[in-house]
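Chain IDs A, B, C and D follow the sequence of writing; residue 1 opens each chain.
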């Protein structure tokens, strides 16, 4: 019998994937609708809903900062985890390099988002 | 030829083989155990058993009741000392299975539940929904993985026993995937290869149930005992013969003829009550129910279906919820295979061959007359089934006598030394050559399927529910002819990898010989008892001449020689086998008689 | 002493496996929603950067969102997110321990429906809050 | 066997043949089989074997969907041949191939020793939570406790779920759906205390995280086992175990 392979580190990434997926399922549609359709068209929501002032205030509030970070970062982790597996499904088994590329991109986006949000001040 | 040295070799990895392997492994972890099976263990036919397994648990039940139901059910052709041992140990085996994880159905308080079964005075059938055999087999198989001393030879086909110095010293097996041969040298061999129901046309058995172990022992001079007793299960699927468990009736199902009438009341099984009481009506024994079907058919009261006459198994009054809980597999079988919703429509059923009561002659320790050879399960005749097996005794038997065989074989193996491998190898080589001759000799003309079909039809014609001398004789003649034609059997496939046609040919050879033992044993038994019923003037039980076990001895290319052996009677003198109201009366009379002083029991030695 | 092993198991290629069965095609499609989720995360990230770069930059980003291309793109995004939501909750009954209420297992369809309902509720709450906070 | 002599109906059964000693690779071979409406695909194959071509090899035994032998790809779907009926192919032809994702040993026979090795690796037996002698009788287990694992104990090892699992096809090291169902069957049993021992497999690199929740395994399961559920419940458990190890310092990943 083959020796039992070593413990997987997947829980970390799987956890981020799951959290992002749930967030995207619960809030994704309405966010896209708001930022991409309703506000630009002035439909349902006032067209100045995302005005500079509103958004500045939102992003400077700790709760707003948190929400923005969570959405951007977790959506990215969710997506990159899935894309990594889909590449595997399509026969691209690049191993560690591909993993680093995919999760690295998610990490990069997370860092940039955090940096920008911090730069926006409180 | 490779050689693998074992202490105990077990052929067959169904319920009995697995239980034996575990018992041998537990009795001495230093023993090397070879477990050979022509299929992966979980494919073994134990998997198809549905209804349940007997073990006394209820306070108002007793070992005495189980003993009596078994012996009377077997029409007194049982080894009563073995039955005593069996009923005393079966409950413990059921508990053992529970400890190993078997998902027995439970009562609300968490204790295991039992259900009613045919021919039983009190409910004592442990069950796991209607997949009891499946759960027992998988429990045993998965538990066997715990024991490192069990080395499995999965998908290895057993070609022969190696007998040297008057004792069994191993088996010759071939790996089905590669056609590579191995001599498994062993000081004790346990045969646990199951029954031989596939020699009949319409049967409940899997394709693998071809009597291999019986034939192997038989060819080496071990007699096959009580082979004329073949159980017809009364409720099977027309055409395929697939089983609708007795638990259908245990849960309260009815059997109806074309008029919607519960016809069993016309055959001494009444009265017909809304809920069948134990040992009455639908809860009568299998032989009686199958016989009643036959009479209904004669009277033209059965229903014509595409696969012949049927009666109706009516479960509608039980309701869908109960059926889904207690009989889920039956529900699906009816829906998928017959397009019948059993909650709305009765299921068409007819009797089909189900179980081989007889088998390899062994004593209560599972030892055959050939030293070193043991047998357990359906392939064996340890003596608990007599002329008709009580429903739910076979699964219990696998455990009780599987364990016995394992323990006894392990003890025997330790008492002797391995023989010389070179001598055994020579024998094994000869067995290999004989088997390979089937593929290397391409001069044959007889198609396997033709021979098999003719055999199965002939067995059904001659050795059916009711029998008579002329048709049995015709079957015997036919089998002799088929054995002669078998010498010219043609195997088209000459390849080595997974050559199933070759294996089918070997199995057919086994089947023809086992069928002969059945037919000749039947022809010679000039009485009616249990599953062996005659219409030609031998319609009654004849304890004077036939309270004896038949013994079929292999006689080379000739018909078997039929001898007889004594029946061990300890506590229960042969009485009237009555069910329904008549049975209750008879039992009352029996109790009154027993209350009076005087000698009892020691009667009727054949 | 034995003959050499004649076995030569044939391993079938996996290439194109997902085209062999409609179930797999659907799986690949719903996995592909990840591309849209990533795209949206990047859109938002760009927005954040623009926000940090000052009002003019931010307004530029808002103008870009109003372009027909961006609008069409977001309609596609919305469809992808809705599909993601549906498939996410459709598989959810398979991913959780059995939910037993009053002795009976909750049916998978009910769990899926609850998930979708939760999305509807979340969406309305977000819209109402956003509407209230910005009017 | 169904009586097929009088129906006059014929079915074209295309079988993927592969005989390792003579064929470089598998090829389709067609047979015309007389059939009746109650005939299964298995009976069709038996007819071929008996009367048309004795060299066709396939596994079968019980004929009633409980022994698990006759799993094959039937018109591209993993099915048990014994409970797939020829009447359900009204176009008059059906394609039968060996189960996907397994090496073909010969014709419709796949090589399945990998499954057995994996089964052995998960300790598929009760590791008692508390010792109990036979004399003490059975462990108590309520119907509700039974219900938690019973469905997973219904796995007949037919391997259809493996043929439905692209992740197993792409990476045969993956423990796979059926084995995870059996692993979960024991973990979820109120009598068992061996879950941590089995976590070595479930949480390993060959374990549950190879699953991408395709879910087809549960669709094709002939016994309603829902192996996808077993796998995914154990993702949560394995993740919990992983983080617990990190927190308690017992090593996490080895």
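The working rule: a residue touches a chain if its C-beta (ideal position, glycine included) is under 8 Å from a C-beta of that chain, and two chains touch if they have at least 3 such contacts.
A quick map from chain label to UniProt name: A = Fumarate reductase subunit FrdD; B = Fumarate reductase flavoprotein subunit; C = Fumarate reductase subunit C.
Remember, it's a predicted structure, so these values are computed and weren't measured experimentally.
Participant: Could you name all chains that are in contact with subunit A and with subunit B at the same time?
Facilitator: Chains touching both subunit A and subunit B: C, D.
Participant: Could you say which chain's mean Cα position falls nearest to the mean Cα position of the entire protein shown?
Facilitator: D
Participant: C-D or A-D: which has the larger count of contacting C-beta pairs?
Facilitator: Pair with the higher count of C-beta contacts: C-D.
Participant: Cα centroid separation between subunit B and subunit D, in whole Å?
Facilitator: Measuring from centre to centre gives 28 Å for this pair.
Participant: Distance-wise, how many Å sit between the C-alpha centres of subunit A and subunit D, to the nearest whole number?
Facilitator: Result: the chain centres lie 37 Å from each other.
Participant: What whole-Å value do you get for the distance between subunit B and subunit C (Fumarate reductase subunit C) if each is reduced to the mean of its CA atoms?
Facilitator: 56
Participant: Do you know which subunit C (Fumarate reductase subunit C) residues sit against two or more other chains?
Facilitator: Subunit C (Fumarate reductase subunit C), residues with two or more chain partners: 6-8, 14, 18, 31.
Participant: Quick check: what residues of subunit D touch more than one other chain, meaning two or more?
Facilitator: Subunit D, residues with two or more chain partners: 20-21, 105, 111, 120, 166, 170, 212, 235.
Participant: Which residues of subunit B are in contact with two or more other chains?
Facilitator: Subunit B, residues with two or more chain partners: 177, 495-497.
Participant: Identify every two-chain combination in which the chains touch.
Facilitator: A-C, A-D, B-C, B-D, C-D
Participant: Which residues, counting only subunit D, touch subunit C (Fumarate reductase subunit C) once they are in their complex?
Facilitator: 18, 20-21, 25-26, 76-77, 100-101, 103-105, 111, 144, 147-148, 166, 169-170, 212-216, 218-219, 226, 228-229, 232-233, 235-236
Participant: Using the touch definition from the top, list the residues of subunit A that touch subunit C (Fumarate reductase subunit C) in their complex.
Facilitator: That would be residues 20-22, 24-37, 39-41, 44-46, 48-50, 52, 54-56, 59, 68, 71-73, 75-76, 78-83, 85-86, 89-91, 109, 112-113, 116-117, 119-120 of subunit A.
Participant: Okay, in this complex, where on subunit C (Fumarate reductase subunit C) does subunit D touch?
Facilitator: Result: residues 6-12, 14, 17-18, 20-21, 23-24, 27, 31, 91, 93-98, 100, 103, 105 of subunit C (Fumarate reductase subunit C) touch subunit D.
Participant: For the complex, give me every residue of subunit B touching subunit D.
Facilitator: So the residues of subunit B in touch with subunit D come to 39-40, 42-45, 47-48, 92, 95-96, 98-101, 103-112, 131, 134-135, 138, 142-143, 145-146, 154, 177, 206-208, 239-240, 242-243, 306-307, 329, 332-333, 336-338, 447-449, 491-493, 495-501.
Participant: So in the complex, which bits of subunit C (Fumarate reductase subunit C) are touching subunit A?
Facilitator: 14-15, 18, 28, 31-35, 37-38, 40-45, 47-49, 51-52, 55, 58-59, 62, 65-66, 70-71, 73-75, 77-78, 81-82, 84-85, 88-89, 115, 118-119, 122-123, 126-127, 130-131, 133-135
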